[in-house]
Amino acid sequence: MHQKLYIYQLQGKENNQVKTIEEVQQEIIEEFSIFDNWMDRYNYIIDISKDLPLIDDKYKTKENLINGCQSKVWLHAHYNNGKMQYEADSDAIITKGIISLLIRVLSNRKPDEIMNSDLYFIDQIGLKENLSPTRSNGLLAMVKQMKLYAIAYNAREKQASN
Amino acid sequence: MFDDHNKIRNEFPILHQQVHGTPLAYLDNAATTQKPQCVLDEVINWYTRCNSNIHRAVHYLSQQATEKYEHARRTIQQFINAQHTHEIVFTHGTTEAINTIAFSLGETEIQAGDEILVSQIEHHANIVPWQLMAERKNARLKYIPLTTRGELDLTVLDDLLTKKTKIVAINHVSNALGTINPIREIIQKAHQQNIPVLIDAAQSVQHLPIDVQELDCEFLVFSGHKIYGPTGIGVMYGKESWLDRLPPYQSGGDMVDVVTMEKTTFNELPLKFEAGTTNYIGAVGLSRAVEYLNEIGLQNIQSHESRLYKYTMAKLRELENIEIYSNATESTAAISFNFPNAHPSDVGMILDKLGVAVRTGTHCTQPIMQYFNISGSVRASIAVYNNTDDIDQFIDALNRAGFMLQ
Amino acid sequence: MFDDHNKIRNEFPILHQQVHGTPLAYLDNAATTQKPQCVLDEVINWYTRCNSNIHRAVHYLSQQATEKYEHARRTIQQFINAQHTHEIVFTHGTTEAINTIAFSLGETEIQAGDEILVSQIEHHANIVPWQLMAERKNARLKYIPLTTRGELDLTVLDDLLTKKTKIVAINHVSNALGTINPIREIIQKAHQQNIPVLIDAAQSVQHLPIDVQELDCEFLVFSGHKIYGPTGIGVMYGKESWLDRLPPYQSGGDMVDVVTMEKTTFNELPLKFEAGTTNYIGAVGLSRAVEYLNEIGLQNIQSHESRLYKYTMAKLRELENIEIYSNATESTAAISFNFPNAHPSDVGMILDKLGVAVRTGTHCTQPIMQYFNISGSVRASIAVYNNTDDIDQFIDALNRAGFMLQ
Amino acid sequence: MHQKLYIYQLQGKENNQVKTIEEVQQEIIEEFSIFDNWMDRYNYIIDISKDLPLIDDKYKTKENLINGCQSKVWLHAHYNNGKMQYEADSDAIITKGIISLLIRVLSNRKPDEIMNSDLYFIDQIGLKENLSPTRSNGLLAMVKQMKLYAIAYNAREKQASN
């Protein structure tokens, strides 16, 4: 089952360029709807985290570190051809799996899409508590940071075009 | 005003009892308020379903407890209209909040010779921490004096605010006299000289709507138990810039970032000021109390209490041979008085046997007593659940006490 | 041991619930304990019948509330066998108690160059207040180091205790590792040089009988919420001579004698250290919790917990690929471990979904984590209501987590 | 009614020399048993306080002041012919009335009688709370002080006779 889903997910990823944030979120929700218990869901998240190399080691710098209380999260952002590219990693594997979902939704998009996005899929697939301000795993700070990068590049773009 | 005031009264189970064989008329609300059933239910509900130490844990109970705690913080934020949630720090009460600010300010902002301005109408909690800090730092404590009406004498304020004044700390409503102090004017004058202002709202949040952004005060503090909430919880509001600027007070778990045996760095706001396991169930109870106030409406409370206050004052003034110290133009909730020839504790003891709970003594405001040259007073103070029956019982009892003691 | 352990378990309503569709196995007791029904009933009973601000009032409710509060103090006195009732000070928790002692001692007993001795196995609450005080007073913080077994290395104690050492502050039981520290030996060595000793008993009063006169420690502190009592209440025991000698910490109502705008004198023990409205309902709840412990018997608790602890340890040791940091000869209640290749928070999240509540992270003991060179650990900790079912569920869940994460 | 009781009480006082502490306590309990409500009881206490001059003004010194939180209590003790004599006063009238009862029971007695006395009448006539350690009216401190004086004179006596 995991194998199948994994391919499905990679296909999803290839189509990312044309799909909207909305569509990718729906896609992930659908993927997760197959699981009827937590262990399967976590197994899947762990799988995702393992197979995707998320960040180049050279970007695992102190500047890119978002310090959560328990797990470390690194985020590296760059801007390319009008689109944001995100790479990230964590020393905790479930966090890393969730990161890979977030990147799948947000990476390779225009800044204003990202700025205005509402990441409801997290809630719908039952991972809401992971993005709660009270869960200090660095994920919420990471999403905030992703949006901040988008805002920054958006502002730069606007200035350039003025 | 309330269509059905009995509905409110029925929310408070403790009021429906007899003491010494008479119905209870509880008029000691400035000391502490009773708790509505919904607050008690909420406290038990959280102990029974979701008790778990907050922050840092990944398990379900802790997650729920943490979210509830942070929700309580937001409830308080909205209640006093603070700009940021992290400007709300949970303390164990007004006293701890003032001690925190006095200590932290003392550590970094106070030099020898600096001045701290309080008033003669303060509760000891807003005098002694400043006195002790001033002593430690060789600073001076000055105060705005009282007038015979029980009001602050603002004519001397301009002289009292000097270049050396580093903070002004004033209560909003006096617990002893019920005087509503002109905090807007004081804040404005202090701000003209860039002096931060702390408002001790222990006796006002339960009676008057408060908007810290409109008041523009730097700090505002109050106690949960005086606003229908549990004991052991309170609030310290501070403007973000000030809370950021001040060093922590108590230290321990949760308020730290990195701890080595050699050196510690601190957590962000508001946790920087919340050392150790906070009274998280207390915070939940307090936020339920605030929600209860919101449900019945602070405007309604205000008009009910103001009517009852006037009723009480009018009845008291009819008594012969009574000396009332609460004569300010603006006042609420608490009234202090004496029979000139009777010791207040005698009056209190007789009232007690007639079912009436009032406070007698100095009300933790000895400087006010010294000003009026009395050893203490009798104080009656009202809350939302009091009614004219309570007041009539109180006045009857006073008549009897006056007669017995004359 | 208990004839019918289920009877005890049934006293704790919160345990009988499902989380994520599985029964709850609550093994986060070192963070906070659950409350027996009798404690919750007592709290509600006092709010519903007798809530009133304590001390100084002559009316019935206040008199009852005050007597109950002072009765609670006596219950605590007997519980730890203090010589005098006034040696028991109610604080809001262990953290506040240690901050109080660190501050007060700092003000009058510490000179530049003096030394404070703690250990590497302390909770942040018993490190940071000393660090900050040492910084303010130009004193030095030294510590007894750990060994790889998770024990204190007493071979260096003689060298660490110098003429400049002004206090030794040590926990009795480590919250992170469960190690029972050799406090008798430490107290004895410190006393040979007339150095006072503070015992942080936050993790021991609920597990082991304590007798402060027999221990002969100068101070002993603990938190109510970790001993089946309410949140927001704690205890600071101090020998009369030391409490008399130290200046007050927080100031405000109740702890003063005479207050003028110029100068304040302080109340007697224990009120000198209880500024403002205390959490008097919390104190009543805590004393009910202590009575509950007395009813079931601390000896019984100890033998039940010790059996369960050994059971857990044996089962854990059977797991492959587990690293256990709790290897002290004497230990109780808490066990810290990791799967070497898995982040503790991953383990905690999986356990959570399987109904098992453990804590993961640094447990407010970063120096211990630094010593073992780990970013954190998984900690399971037991209480009187846990049983082998809880442990079996925990071990099953660990097996699954280990498999998923390897 | 008050008038009658008052005379009864004065008679009681005259007989004090022969009556034991026990007997005087019983006498007071009997007197109070007539009242079936608090106001009468207090009226009587107030009466007692008014009619008995308790202490000479010259003894109202700072040294003789027992500071209660709310009301002041002065106590003066002297030793005469093997017996303790107490005089006391308070600025609160109910406290003063209770003081007059205490003096009626304890004054003009041998130190060892006083030292070992158990003042149960206070409880029985319903005034227990007035002697509670939590009621800061100075009464409890006064009783303690009365006993301390008795202990002191007792010790002096013993020493002298050795």
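By letter and in written order, the chains are A, B, C and D; residue numbering begins at 1 in each of them.
The criterion applied here is as follows: a contact is a pair of C-beta atoms (placed from the backbone, for glycine too) under 8 Å apart; a residue touches a chain by one contact, two chains touch by 3 or more.
As the structure is a prediction and not an experimental result, all values here were calculated from the model.
Chain centres computed from CA atoms place D at the largest separation from subunit C. Interface comparison, A-B versus A-C: the pair with the greater number of contacting C-beta pairs is A-C. Taking each chain's centre as the average of its CA atoms, subunit A and subunit D sit 82 Å apart. Centroids of subunit A and subunit B (each the mean of its C-alpha atoms) stand 47 Å apart.
Averaging Cα coordinates per chain places subunit B and subunit C 30 Å apart. Averaging C-alpha coordinates per chain places the centre of subunit A 40 Å away from that of subunit C. Touching two or more other chains at once are residues 20, 56, 58, 345, 349, 360-361 of subunit C. The set of subunit D residues that touch two or more partner chains comprises 69-70, 137. Interface note: chains touch in the pairs A-B, A-C, B-C, B-D, C-D. Across the complex, subunit B is touched by residues 69-70, 129, 132-137 of subunit A. Taken in their complex, subunit C has these residues touching subunit D: 54-56, 58, 63, 66-67, 70.
Note for the complex: subunit B touches subunit D at residues 20, 342-346, 349-350, 353-354, 360-361, 375-376, 400, 404-405. Subunit A makes touch with subunit C in their complex at residues 38-39, 42-43, 46, 69-72, 91-95, 137. Interface residues of subunit B, counted against subunit C in their complex, comprise 13-14, 17, 19-20, 24, 26, 28, 31-32, 34-35, 40, 43-44, 47-53, 56-62, 92-96, 98-99, 107, 120, 123-125, 127-129, 131-132, 136, 141, 143, 223, 225, 230-233, 248, 250-254, 256, 258-261, 263-264, 275-282, 345, 348-349, 351-352, 356-361, 364, 366-367, 370.
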